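So that we are looking at the same thing, I have put the structure below in structure tokens.
We just call them A, B, C and D in the order they show up, numbering each chain from 1.
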Amino acid sequence: MLETLKQQVYEANMELPRRNLVTYTWGNVSGIDREKGLFVIKPSGVDYDKLKPEDLVVVDMEGNQVEGEFRPSSDTPTHLELYKAFPEIGGIVHTHSSWATAWAQAGRSIPCYGTTQADYFYGDIPCARGLTPEEIQEEYEKNTGLVIIETFKGLNPIHVPGVLCTNHGPFSWGKDPAGAVYNAVVLEEVAKIAYHTEKLKKDVTEIPKELLDKHFLRKHGKNAYYGQK
Amino acid sequence: MLETLKQQVYEANMELPRRNLVTYTWGNVSGIDREKGLFVIKPSGVDYDKLKPEDLVVVDMEGNQVEGEFRPSSDTPTHLELYKAFPEIGGIVHTHSSWATAWAQAGRSIPCYGTTQADYFYGDIPCARGLTPEEIQEEYEKNTGLVIIETFKGLNPIHVPGVLCTNHGPFSWGKDPAGAVYNAVVLEEVAKIAYHTEKLKKDVTEIPKELLDKHFLRKHGKNAYYGQK
Amino acid sequence: MLETLKQQVYEANMELPRRNLVTYTWGNVSGIDREKGLFVIKPSGVDYDKLKPEDLVVVDMEGNQVEGEFRPSSDTPTHLELYKAFPEIGGIVHTHSSWATAWAQAGRSIPCYGTTQADYFYGDIPCARGLTPEEIQEEYEKNTGLVIIETFKGLNPIHVPGVLCTNHGPFSWGKDPAGAVYNAVVLEEVAKIAYHTEKLKKDVTEIPKELLDKHFLRKHGKNAYYGQK
Amino acid sequence: MLETLKQQVYEANMELPRRNLVTYTWGNVSGIDREKGLFVIKPSGVDYDKLKPEDLVVVDMEGNQVEGEFRPSSDTPTHLELYKAFPEIGGIVHTHSSWATAWAQAGRSIPCYGTTQADYFYGDIPCARGLTPEEIQEEYEKNTGLVIIETFKGLNPIHVPGVLCTNHGPFSWGKDPAGAVYNAVVLEEVAKIAYHTEKLKKDVTEIPKELLDKHFLRKHGKNAYYGQK
């Protein structure tokens, strides 16, 4: 079932340790088949160097495990909520990558200080509010997804393909699993550069709106001219 | 003697340079056989790239060397005290890993700022008080162990599987040697993230109690649901 | 056409990921044949691990694509302006390398704090002013070049072989493509060291003029005595 | 001539890039044969990946080149002065390693904050004063050595096997070339940890004298008990 998607999700998962985004099992990637209404996700707590494509778990849009010997990632309900709320996305990544997690632990959105961020994020990378004690105690992972969705009211998740969860770490997404990992790499890199930018200048200002538009739109708008046709 | 344990302790030692936790010989791992009342530890000052399983030293619970051509790690009396005081643990690691050592040199416990730490440490990672001049001059390595034990009065060493020694560096432990190394890796990673967290926000607050409970207990409590059964 | 130059530009491009100066496709190198009035540049958005010498694009001094199946780097007009204004240079590099980009995002020139920088840069590494909204909206990439040229009024681009673009990142150059990459590596390394220097001492002072002269001129002046004849 | 020493100096030089202490050619190692009154040093500006043992240069105690096709390191007069003033040392290393260079650029000695440093340096790692304009203009490299020697008045260079040169970078030494590189690695590592220590606590205090003594002397004193006999 879903062999092509499994292979894509497997390869996207394996990219996480290669890109130094995960220590041990601290991350997971999923990918969705919108037509079938099923998504494929990493099994919980399985080592990357032992992971095989057939170990991946298939889950339906009610959160039921449809296939797979292993239990799915404990973060599966978060992925499910995001797939339901953001119909444009095809893959989701969660990591505890070091720099992004520092911003999340500080409870701060990452301001857009330059074109490196503007090339992929159309402005700040928001930090979702912390969960209430009730939201943590009942259906914690589902509520993590709902708070992210709340954060994106008025935001286009394709224009801002990632978020920080307070006291926790980053989630990112993309049109497919590989694209979601790409955005996780960008998020970690810009988190690092933004940290050092702030230390180099007090009251540093964000990127001017014209430059943000220029860089985001030369890559993503309908008149994009970066890359090959 | 203890061939299986020696192999485990050997592999755990070799994981230290692979995980970038040691420079040269600055670290050691031991593992204990509780039934026989013997533990196996790295020989003192032997290079990791020359270390062989048969070079490991066997020590009894009075600190006597029972087997091995080499002298045991100079930190052996510290390991011995911890094994005597913490009957739940099966392996111990000492390193001078860079970020954890910085916190130790600052004499500060690592506050729990997020779920990355909460997944493995049920709260702060404590910094033991510095030793008195007398404690340093006589039986320094034994007293290092006793001061750690003093720090853990009222703490469960399985819930807080590591400590910082003031002006020195980290010790960590686990149910077996591999688990102790795993916790050394976690400790180093959270030390790095906590450092940057504090620089990103003045007066940053620690993780809420509910989130600490949620993450620690979904991995370690009797109702744990992370990972495979 | 220009097979030797293409090979040089190809190898210089491939050095960027090896030296950890680029993530994904975030960088490009070009090289010029002054006699023929043509330069060779990386195609836009092509992965480094798929890039082949024959993929490189040949552009003339009016910016017309003369050869190549792919579109040239979107930064081609910036390279063109620099080649026209700085006749001494033979290769140009643009990256988003992490430390240099942090300085660029802070809008700060890198002061010369030591001999590591003085060996290659005869003083500060300047930060060009930000572009006006008009300069961004029309011919952005060309104007990026013009603002760099404006910054170098009174400066010798061979003595100061690199620049930071506000809210963007570094450009560097050299006598040939390999030399331009060399200077990109130096720029990134001194950006990192200068950052930490400032954090170690408030109001740290720049290198004394005599030491700057000594180091720059023992490598680059007519009486240079570093290296082999 | 001096084939064994050349091999040692060659291997010590090659360890510098493996330990990430040098970028390009920014470092050199020498070793001395005290009986013959000759030392062997890296040629100036030769790439590490092209260096061969036979490329090394032999220099006598008046600074004359005795053997070798290449010119010796431009820092040769510094090495010569140190060999003359410190008869106990057998090898010298100079690098621009990143963290040590940051302290040097800040003009600050590295305080001894913990046992990692105390295991090899019996106290602070001193920063030599900057050279006067006259000392820079005439015989700069020789004067660099003389200022280091001035810094070590009353200090035992075997107990403090390294130094920082203001606005420049570190020198270290040891009983042989390999030992000198070892101390260069230690210096870089403790420079990094000390930097972060200061950022974690204002007015952090240095290591207590008793702990400094304990760690340095358990490795280096006549009653040393670290390592194998």
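Definition applied: contacts are C-beta pairs under 8 Å (C-beta built on N, C-alpha and C of every residue); 3 or more make two chains touch, one makes a residue touch a chain.
Note that the structure is a prediction, hence the values are computed from the model and not measured.
Judged by shared residue numbers over all numbers used at their interface, chain B and chain D contact each other through mostly different positions, with under half in common. Chain centre most remote from that of chain A: D (centre = mean of CA atoms).
Chain copies chain A and chain C are related through a rotation whose angle, from the C-alpha fit, is 90° to the nearest 5. Spacing of chain C relative to chain D, judged by their CA centroids, is 33 angstrom.
Distance from the chain B centre to the chain C centre is 46 Å, each centre being the mean of its Cα atoms. Listed for chain C are residues 199, each touching two or more other chains.
A list of each chain pair in contact follows: A-B, A-C, B-D, C-D.
Only residues 23-24, 26, 43-46, 70-71, 74, 96, 98-99, 101-108, 130-131, 133, 136-137, 140, 167-169, 195, 198-199 of chain B touch chain D when the two sit together in their complex. Touching chain C in their complex are the following residues of chain A: 113-116, 119, 182, 185-186, 189, 192-194, 196-197, 199-201, 204, 207-208, 210-211, 214, 218, 225-229.
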